[in-house]
Amino acid sequence: MDPSAVISLLLVGLARAMILFIVSAGLTFVLGVLRVPNVAHGSLYMIGAFVAFTIATAFGQSSAGFWFALILAPLVVAAVALIIERGLLSHLYQREHLMLILFTFGLMLILNDLVKLIWGAEYRSVTPPEILDGAVTLFGFNIPRYSLFLLFVGPLVAVGLWFLSNKTRLGKIARAASVDREMVGVLGINVSWVFAAAFVIGCALAGLGGALVAPTTSISLGMDLTIIIESFLIVIIGGLGNTWGALIGSILFGVSQSLGLLFFPQFAIAFPYAVVVIVLLLRPRGLLRSAW
Amino acid sequence: MLKALVEPRWLVATGIILLGLLLIPFGAPLFYIYILSVIFVTALLAMSLNLVLGYGGIYQFHHAVFYGVGAYTVALILTRTSLPWWIALLAGPFVAAATGLIIGWFCVRLTKLYFGMLQISLGSLVWIIVYRWYDVTGGDNGIHDIPMPEWLTTFQGAYYFILAVVVVCVGLMFLLIKSPFGATLQAIRDNPQRCEAIGINVRHHKLIAIVIAAFFGGVAGVLFATLERSVFPGLLFWVLSLEILVMCLLGGWFTFAGPILGAAIVVALRTVASRYTDYWTMVLGIILILLIFFLPEGVMGFIQERVAAKNKAPHPQRVEEGSGS
Amino acid sequence: MLRVENIVKSFDDFTAVNGAQLTVADGALVAVIGPNGAGKTTLFNLIIGLFKPDRGKITFDDKDITGLPPYEICRRGIARAFQIANIFPRLSVFENVQVAVFAQQRQSRNFLQPAHTLARAETNAILESAGLQHKARHIASALSHGDQRILEIAIALGSQPRLLILDEPTAGMSPEETATTMSLVKQLAQTRGITILFCEHDMDIVFSVAQSIMVMRHGQTIIQGTPEQVRQNRQVQEAYLGGADA
């Protein structure tokens, strides 16, 4: 096997892992603060991709269109999330997990049909901007430019999230609230808005993931179904609510899939699942400490 | 024995319903016979889930796996081997139960949400194998035209066969719920820690419950394969698992018959709604959210509560105390 | 019957029990006292196996039971009633106790016999001695607080224990409920011959009922002795009894 091809493949896997990370970081953030396993997270990712398509098309699929889409799609998803949180979810926080997960399932069913209603069932695509199109040769390896871009954005989001939860007031309150909701409420802080902010930020990350994935794949109905399972798994093996765990989990996931493609192309997508089973056999509660 | 378990009026009601169901094929159009068969199969599936969900308090998030495994076992045996049909039908539930044992063995070390999410991942692993292993399972095409004995291929034949199997299974599940094991399972649901303290090996009991539920889920899968004579990967996709959860919620998961009602409502609505609209899932989503907000105990739970409130009325102080805890 | 030797248990950075000692003789009524946070509840949780000790040894009938899972310890004859009512809220009072009896009779894996025909006599006997027989069909969560606490003890009795551990059995009870509960406890010890280990805030109850008292402070054992010995002990007077009734 050609070693440079192997390394290129691994890098592409790693780049895909960055999208997984951004989506699952949003999921784990919501899970950590609100304790809500958001099944509709994948739908928001799909909406992000479709909105990116609409914006890019409005700009004639130009480079500027891509950059606008990258910024605006997460904001649109954030707005949707805010409406959902204020209108519905905020009334359910006292309920048990089962109800919350079923609520988000209902949301998923509705959002998916809305996507079908608005964008139809055709396949859509977004053209990457010129600067990110094609491949570059680095140290003798052939790497798509867009993959390099993803490898740059992923860590940026990780650092941003770390900064948000450790260095800002909102993040500190959110972390405290996830441990002891009542105590924070007693301190005179409006927990309700902290939760809303956390939910919106988490969902915006799903939107960002969707916008980022748009140029690399065909955008279609059903793209939410695999990403949500994948990000659930990543969140579990990382430790519920742990951002760094999501990063490690995503890398394990993306890289094991690349390795799978090398050796057993037909079952490549089974590889990450096998990794998950092994991790959970050894550490049933995930690799890193859970926020719970 | 039966008399001691069920109030006579319920026994009579069940008898009348059963008699009605036996007579339906003599008058009803074939389409209704088919839809009723689908409802029976789905109801059995939902009840098998509720065995662990409502009675065991176990977050069985990926129950459809056992359904799919049961159905695929039948399909594979009948299309790839020359074994007789009845062996395939018998094998389905046992293969499903074995799958339940393996998945459950991993999962019972965890509780609540962790349990549910691990189960989704393990179940998805099974789904991917079925979905991708074209040479054996036919991949996303599934397996079609499964050979069945002549009498099972008519709508009436399938109807009576399914009805008989479902009635036996529901009866067995009823006995199970009323047995010491059923009582213990409900105690585990209410308070697992206390159960450990009175000498119950909670994990072991949960695992048994999961295997039994997987078995009955497998029976439902077998019945699906006999009715449709085809199988496809969607049978063990996680979205179906959540749909069954919705049926249990809709009917009421703290009641025995609730899931039957939930399954009947969902199947009937789907049949009617998909005639008028392409957006059936949105309808289901809206119903689900309305339920969560306004009817969290389900339809049956709501009825029971009403009846209980009526009975309790002479002791208002007790109702008060109860609401506090 | 029960011996706890030098047991230690820490949580993160807090040592709840730090070298406690306890001896419970067969048939005795033993009390553990100490200020809030002295480690009494943790000690009980260690004995019944809810927590695994960091160090130390627990023997029951001269057999080592340290670190066994709770269900195994229960099967050997130790049952515990919890401080907060720790019952099965959706089950009836009868079923609450019956489930414990099933577990004790190794019936909990009986799949096909109707439960309500089994273990009736045992369950009714327990309900009767606890004075709950008239409320047998009530749903447990609808009971009054005091009744829930008594049901809590009844569940523990369902395990047919030889050693019964009670964690503040009368906390939050009215004076009448307290009297009922304590007479139930004494009756259990006398007529059924159950050994009882309990902790309690009310010193009048402790000194009138207990034959042996162990005093805990900061997770350590100060002394274990007869009520007379404990009363005379200077350390105890300073640490505990001196501060009014803590």
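As written, the chains take the letters A, B and C, and residue 1 is the first residue of each chain.
The criterion applied here is as follows: contacts are C-beta pairs under 8 Å (C-beta built on N, C-alpha and C of every residue); 3 or more make two chains touch, one makes a residue touch a chain.
The model shown is predicted, which means the values in this text are computed figures rather than measured ones.
Put simply, the chain closest to the centre of the protein, by Cα centroids, is B.
Using the mean of the Cα atoms as each chain's centre, the chain most removed from chain A is C. Averaged Cα coordinates give chain B a centre that lies 41 Å from the centre of chain C. In terms of their C-alpha centroids, the spacing between chain A and chain C amounts to 50 Å. With centres taken as mean Cα positions, chain B sits 32 Å from chain A.
Among all residues of chain B, none touch two or more other chains.
Considering their complex, residues 59, 61, 106, 109-110, 112-114, 116-118, 120-122, 124-125, 128-129, 132-134, 237-239, 242, 245-246, 249, 278-279, 281-282, 284-289, 292-293, 296 of chain B touch chain A. By the touch criterion stated above, chain C contacts chain B in their complex at residues 48, 50, 69-71, 74-75, 79-80, 82, 86-91, 95-96, 98-100, 102-104, 107-119, 138-139, 141-144, 148, 155-156, 158-159.
Across the complex, chain B meets chain C through its residues 1, 4-5, 175-176, 178-184, 186-187, 189-191, 193-202, 205, 208, 254, 318-319, 321-322, 325. Those residues of chain A whose C-beta lies close enough to touch chain B in the complex are 37, 39, 88, 91-92, 95, 97-99, 101-103, 105-110, 112-114, 116-117, 225, 229, 232-233, 235-236, 240, 266-267, 269-270, 273-274, 276-277, 280-281, 284-285.
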